[in-house]
Each structure stands twice: as structure tokens, then as C-alpha cells.
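There are two complexes below, and they share subunit A, which is joined by subunit B in the first and by subunit C in the second.
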Partner chain A sequence: MNIIDVEGLKYKYPDTDKLALNDVSFKVEKGEFIGLIGRNTAGKSSLCFALSGLVPHFFKGAYGGKVLVDGMEIKQHEIGEIAAKVGLVFENPFSQMTGSKYSVYEEIAFGLENMGIERKEMIARIDESLELLAIKEMKDQNPFDLSGGQMQRVAIASVIAMRPDVLILDEPTSQLDPQGSAEVFRVVENLTKEGMTIIMAEHKMEKISQYADSVLLLDDGELIDYDTPENVFSRDDLINHGIAAPMVTSVAKAMGMKKSDTGKYPVTLSEISREMGDQR
Partner chain B sequence: MTELLINYLHFSYTKDMEVLKGIDLHLKDQTTAIVGQNGAGKTTFVKLLKGLLQPTEGAIQFNGSNTKDYTAANLAEHIGMVFQNPNDQIFKSKVLNEVMFGPLNIGQEENEARDKALEALKKVGLEDRLEKNPYDLSLSERKMISIAAVLAMDTDVVIFDEPTMGQDFAGKERIKEIISELRSLGKLVLCILHDMDFAAEVFERTIVFNQGNVLLDGSTRDVFSDENVLEQAFLEQPHVMQIAKNIGLDGIYTTESELVAALERAWFD
Partner chain C sequence: MSAMTLYVEKNSIIHHMDPLTKLMYVFVSIAATYIVPVHEFVFLTAAFSLLLIIIGKVFMKILPIIAISIILIISIIIVQGMFHPDNKTVLFSIGAITFYQEGLSYAVLLTVRVINMLSAFGVLILTTKPDELIERLIKKGMSPKIGYVFLSVLQIIPQIRATMGKIADAQRSRGMETEGSLIVRIRAFFPLIGPVVLNSLNDTRERAIALEMRGFNTKGKKTFLNESREYPYRKIIQFLLIAILMATIVWRVLL
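Right, the complex of A and B next:
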């Protein structure tokens, strides 16, 4: 079943002349992990906003086409209703913090309070989120005393606690160290196993090729490609769209080494070593 | 020659938790990457270098004089730092004014400051955004503004705190060019990074921070070949090294072209 159905989405911010999203259509099945890639200004954040209702409800502007999440048309519903289904983790964690809570624990409770979740259930969900993002020991600290990376973990935890059907993350690991960002990808992958659908904008192509089921490539507000990581990263014109393929793919391209079964380039470490083993 | 000599540097924000636990380093000439897990003390360390914080013990010497004899304002002429979060740095309502603010405050004339600012904005690719409000631009563009604002001050030491954060391919290429230009001008470049590929490709020296200590300090090539230490510091090897290891190719590689050349030799032998 398609949990997300976007049809001919066009969007323009107020006081601008250019479409930020230009006739974008795609469908996502429940439990899929979609990697959203593209150069800066390609429209990744705008698409994240459109899926979570901030476009058009918060940003206003000119809007055409349809965005359906679990059958609910985003344009026809209020942000409050949408937020119960769709969670959004902002690119800048500073923007995510409410500023009205004085501890990490309370910050994570904020969304749940607004949803009217029972106290006992709230405590269980908060503890689980703290555990998942490994931020238990900072639960009593003020969110604004944390480092950028720590705050990014809190931002993710606060949205995961709300258990949305669709979780949208806009470059959620930009301030995390390598192992921290690997952890986030593992956490997110586990959420898909529980049926959560993930849309993640990300510049770390190695991680996208490893974890995403499909990759959605945007450029200049248009959908350029929506396919498996292998097919998207094998494209010859990636660089024209401002994307460098994962290092594995880039090395394989330089070597002219395609996979014998699909005729595409390898995109993960295990694929390239298998290919090297076979061909040597 | 520009140098920073750091001896027995200790620092804590609160009594019960020491953030830096005795750092000894001599920084000069080489472009240097500082890597380490979140909370290792990297940002605290560079804030101390710039005089935004004062050591609780130990000392930092800039070209032979103790930095505690400078005010943060005096030091700003010599040591520039780009904040991790551009929103912490940017406060003017126009891009050009933001970038001219630093130069004007360290005594540049209006005309000179304008020229430096325009030159810096060109380097970061924002020369056509002069009159925009920085907060109408994207986070990655604001990061570029914060970089330009420091470049325009033309300091001897330039410190970047995660410059590649949120940057796409083109943005990273631009930052590479900026760093190599600073190097050729004889500036001392320090850079906190979580992007190991970028660190391996661009920097001559790499310092690994771990829980308030320096775990490893050496040539980038040596540091990134030490898988155990990187693991201990919650880091990972650059992707070129991971590929080499996975396909059983010996040797140390820091760039893609190096790896491809070695693979081609191995392939055609």
C-alpha cells in the first residue's frame, strides 16, 4: 500500500519568482526508506516541508498538485492533525528545540504532551527514545547547553518518541561524529522494520547507498530520478546534478568495473569486494 | 612564521567535569585537521585558542606571547574562527555588512574592508547576494557567509569548526580551494571535521581528540592508517581506506585517485 502519494506537486515560496518544486510526482510504500539527494537549493528541504505540511500551511506561497499521506490530503488538513502522522526533524537542531523546556527529558515530552498521550505511556516512550539515541546521561541538562551533535540526537529523539507513521529527516547527521551518524542510520533502519516510513535528505551518499531502498534525486525543483541506489548512482550525469557518487561507485566507474549480473556499478563495500574477487 | 604552542592545557566549564585534561601541542605551518567524537573537547579547544575561553590550567602561546596577555578583541586581529553554527555568528541584516563587520572592527578602513569582503564573498560564491538578509538564505549559504566573514579579516590563523556541515559536493570543493589558498598564503589553518574523507584528502596533519586528551597526532596518512586508534575515538577510516581493506589491497590511501592508480596497477599486473 502506498503511504505517500505525491501528484504533480508545484510550489513557490511567497515573494519569489521561481518554483521551488516543479511538477514532482512519486509514491512511497509503507516501511520504505527513501534517500532524498540533490545539490543545495535543489528542493530537498522544500519537499520535506511539503510532506509534513509546513508547506503550504506555515510558509504559505503558491501551491498546486496533491500530497497524500496515508490517504490524508496535506493541503486540506491542519498542521496539528498532520503532526500526529508525520514527524519532521529539522536540518538545524536549534530550530527544533522548543525553547520553553529546561531539560532534555521535558523537551522530548513536549510533542507527547501536545498529542495528549497518557503519563505512563509518555514516560515509557521518552525512556525508549533516550535509550535509542544514547542520550540518557544528559536527560536533565538544558538542551541549549548541549553541543551541536548532542542537540541533533535530542531533536531526533523528540520526534521518534511521537511514533509517527512517516518520519522525515532533513540532514539529521550533519553534526554527528562518524560512529554517531552510523548509529542514527541503524536506529532508523530498525524503525522501518516496525513499519515506519522514512524519508531522509542526506549528503552522505555512502550511507544512502547502504541503507536506502530507493533514492529520489532532485535538481532545480524537479524530480530527476527515483530508483534503486544502484541505478541512480550508476548514472553518468550525476555530477551535472551536483552529486558525487559514493566512493565505491566512483572508484568502480574509474576502473570501468560493472557488476556482472546487472551491468550497473557496485554501490556498497561488499558489492565492490565481491566484484573484485570474481573478476580477478 | 605563525605558531601556537599549547602546554598542559586544562579546561572545565563546571567544577565536576573536566573537558580538556592536559593538552600539549605545537601548531605551525601544516594544515591541520582536528577529529574526534562529539563531546571530545574539539570546539572547546579552538575557543581557548581564540581567547573566547580562558584555560583553568596551562598556557597557550601565540608567536611567543601568552594569549592571556591579549584581550579577545586583540587576538581577533590574529586568530579568526568560523563557528560551527552560523546562526551563532551572524547578526547583521545584510550579507555585505555582516562580512565587513569583522574587518572594520580590527581597524581596516571602510574601502579596504569593502574590498576584502567582496573578495571573500566571491570565494564562497555569494557575490550576487550582497544585499540579501542572511536569514533569507539557506543554512549552507549562511555557513558560507560565516566563512567569508572570517576570510575578510585576513588573520594569520584561520580556524574552521566543521566547515563541510550541510555542504554539497560543490560547496566542499569550494572549501578545499579556500583551504589550499590559505595554505599558500602562509596562514595557519586548523579545521574541526567529522568528514574523514575530506580530512584525509585535504590536510597534512591530523590530531585525534578523545575525551579531553590528544589520542594521536601525526601526518594524516599515518593517523588514518591506524584503524584501532580511530575505532577507540569513535571515528572511522576514510572510505578509500575502507575500500582498500575490503578488497584486500595493501597500502595506505588518502585520496580516490591514489586508490584508483594502485588498483589499476594491481589489476593489470
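Right, the complex of A and C next:
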């Protein structure tokens, strides 16, 4: 069953002339991990906002087409309702902390309080997210006392606790140091194992090729390609869309090493080493 | 990062009181000192507020707050002592300056009222967690948005201050002088405040998005992580406070 169904989505921010999203259509199945790639201003964030209802409800502007999440049309519902189905985490961990809560535990509770979840259920959900995001030991700390990576994990936990069907991560590690990014990717990996549907916009192609079932390539607001990582990263015109393939793929391209089964370039280390093994 | 709160974590009976009862006490005790302008009564009220402060184990915290208001108190004494319209009885003179008994007596009344006001607020603010107070008010029907504003300000202002420090360092490292004479400081003000304001606006927009995504605008009924707990003697104390307020009004009318 398709959890996300986007049909001919067009969107223009208020007071601009250019379409930020131009006729984008795609479908996502439940439990899939979609990597969203494209140069800056390609429309990645706009697409994330469109899936979470911020476009058109928060940003206004001109809107066309249809976005369905779990059968619910985004345009016809309020953000509050959508937030129960779609969770969004974005770049800056600081501004995602509400600022009205004095401990990580209460911070995670914030969304649940707004949704009107019963207290018992709330505690169960908070404990579960604390566990999943590996932040149990800091549950009594003030969110603002944490490091960037820890804070970002709290932000993800706060969204996960609301049990959305889809988790959208809009460049979740671009403002973090390497250690913080590693922490966040580790929990993202856990979440994929839990079978959560995840859409992640990211510039670190190695991570995309490692986790993604499919890659969605955007440029200039248009959907260029939506395919498996090896098909997308094997494209010859990748550089024209402002994307550099993962290091592994670049090396394989330079060496002319294609996968024997699909005829495409390998995208992960394990694939390339398998190829090397075959050739040896 | 410490939040901007005066709350002192202690274990006392005052700390365990219902925040709303304390809030009520603030209103009643301040109102009472104005409704009944009798020296003995006002003294007694102030003494009682201070007693609560002492029971709450925060007496040392209220002293600097009272000390700050000394300037106000001194000016009250001088102005009232010298110029109160009812002044008749000369108490003493220092050179050409004469102090009158009526004025000084009124000044003492005002001073004690100020001390009572500070102490009563002290009882509330020094012994109550801000989030506990706001949550009680929201449960009583205050808008969660207003509650959010009060609570977030306490944490976000220190954040902005930290950003300001970073921006000041950045500008200084690019050779801008931020210390020295008044002129230098004024000149440094705009390159500092500009980025701070823009930065805060951007943060505010992002925080608004984050709040939306956490369902802050959902219309349904909210629930609370913290259970409403039963506060000791809540009803009796609140009833007594209302009774006292009534009594002072009756006293005033009969006076």
C-alpha cells in the first residue's frame, strides 16, 4: 500500500515568481527509506514542507496538485491533524526545542500533551522514544544544556513519540559536528530497522546510498529521477544536477567497474568489495 | 545554560503549597495593606509575609531584592517626611531641612507596604517552579499560548544573550572595537544588535514551525504529563484568604 502519494504537486512561495516545486509526482510504500537529494534551492525543503503540511498551511503561496499521506489529503487538513501522521525534523536542533520545558523528558511530552494523549500512554511512549534514540541517561537534563547531536536526537524523539506514519528528516546533520552526525545516523539506522517510513533530505551521499531503498533526485523544483540508489548514482548527468556520486561510485566509474548482475556502478563499500572479490 | 528564574530548590512546607494559593496570597496580602491603612495591621501583614519567606528557607534570597528597593524607600521617606500635605508636627530639623511627624508616619506605612509586596511576591516566585505555576494556571483555563510565552521567555532570553556573546566575539575578531568610551560603545551597538535581531527572527520562525509540527495549534483537549497533585490544606487556606480579604473590607467600611 502506498503511504505517500504525490500527484502533480506544484507550489510557489508567496511573493516569488518561480515555482519551488514543479509538477512533482511520486509514490512511497510503507516502510521504505527514501533519500531526497539535489543541490541547494533544488526544492528539497519545500518538498519536505509539502509532505508535512507546512506547505500550504504555514507558508501559504500558490498550490496545485495533490499530496496524500495514508489516504489523507494534506491540503484539506490542519497541521495539527497532519502532525499526528507526519513528523518533521529539520536542520537546526536549537530552534526545535520548545523552550518552555525544563527537562528532556518534558520536552518529549510536549507534542503528546498537545495531542491529548492519556498520561499512562504518554509515559510509555516517552520511555520508548528515549530508548530508541539512546537518550535515556539525559532525560532529566535541560534540553539547552545538551550538545547539538544530543539535542537533535531529542528533537527526533519528540517527533517519534507522536507515532507518525512517516518521518521526514530535512538535512538533520548539516549543522552538527562529525560525532553528532554519527550519533544521529546511528539512530536513523535503528529507526529503519523498526520499519518506519523515512524520507531524508541529505547532502552526505554515502549515507543515502547506505540506507535508502530509493533515491529521489530533484533539480530546480522538478523531479529528475526516482529510482534505486545504483540507478540514480550511475547516471552520467549527475554532475549537471549539482550532485557528486558517493566516493565508492566515483572510484568505480573511474575504474569502469560495473556490477556484474545489473550492469550499474556499485554504490556502497560492501558492493564494491563483492565485485572485487568476483574479479579476483 | 540556566533559565532566568529566581526559583530556589528547597524542601519546605511553602514549596509544597499550591502555586495558585500562593498567587492568591500575593493579591490578598497586598490588597489588605491598602484596604486597611492601619500601621499595626500593615506591620503584622509584612511580618507574616517575611515569616512565610523564612519558613520557605529563602530569607537570604529576599534580602538583596529588598536592598535594591532601599533607594525607593529612602526617597519615600525624604519626600513624605518633608512635604506631606498633612505635615504639622515638627519632629526634627537638619539645618534648613525639617522632617514632620505626619509625613514620616505615612512614609513608614508606604515602606512597610513595599516590603510586604516584595516579600509576598518573594513567597510566590522564590518557592514556586515557574512551569508548575503556569501549568496550574493553564489547567484553570489560561490560554496555553500565553503560558508558552511566559515560560519560553525565561529560557529563550538567556539563549539570545548567548548568541549576542558569540556575535560580539565574531565582530571583535574582525577588528571592531566594542570596549572603551561611550562613543565607541554606541558605534559598536548597531553592528551587534542587527545580527542578533535577524538571528532571533529566523529562530522564531523555525521555532514556530517546530511548535506547529508538535501539534501546538491542535484544537482538541490537552493532557498533562504531570498529574494534578493534591496540595495540602489548599481549600482551607484559600477559604481563609478570601475570608481575610472580606474582613479587611468590612473593617475599612466600619473604620
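Quick note on the criterion: the second predicted complex is superposed on the first by the 259 of 280 C-alpha atoms of A that agree within 3 Å, B and C clash if a C-alpha of one lies under 4 Å from a C-alpha of the other, contacts with A are read in each partner's own complex, and residues count from 1 in each chain.
What we mean here is this: a contact is a pair of C-beta atoms (placed from the backbone, for glycine too) under 8 Å apart; a residue touches a chain by one contact, two chains touch by 3 or more.
Bear in mind the structure is a predicted one, so any value in this text is a computation, not a measurement.
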item: Clash or fit, subunit B versus subunit C on superposed subunit A; value: clash
item: Subunit B versus subunit C as contact partner of A:D219, first or second or both or neither; value: neither
item: Subunit B versus subunit C as contact partner of A:N92, first or second or both or neither; value: both
item: Touching partner for A:N142 - first (subunit B), second (subunit C), both, neither; value: second
item: Subunit B versus subunit C as contact partner of A:T41, first or second or both or neither; value: first
item: First, second, both or neither for A:M115, with subunit B first and subunit C second; value: second
item: Which superposed partner A:G242 touches (first subunit B, second subunit C, both, neither); value: first
item: Footprint overlap on subunit A, where subunit B in one structure and subunit C in the other make contact; value: 92, 94
item: Subunit C to subunit A touching residues, read off their complex; value: 1, 3, 129, 131, 147-148, 151-152, 155-156, 159, 203, 206-225, 227
item: Residues of subunit B defined as touching subunit A within the complex; value: 36-39, 43, 84-85, 87, 138-141, 162, 165-171, 194, 196-197, 234-236, 239-240, 242-243, 246-248, 256, 259-260, 263-264, 267
item: Subunit B contact footprint on subunit A (complex, rising order); value: 38-41, 45, 91-92, 94, 147-150, 171, 174-182, 203, 206, 239, 242-244, 246-248, 250-251, 254-255, 269-270, 272-273, 276-277, 280
item: Footprint of subunit C on subunit A - complex, ascending; value: 52, 54, 58, 78-81, 83-84, 87-88, 90, 92, 94-102, 105-106, 109-119, 122-123, 126, 142, 144-145, 155, 158-159, 162
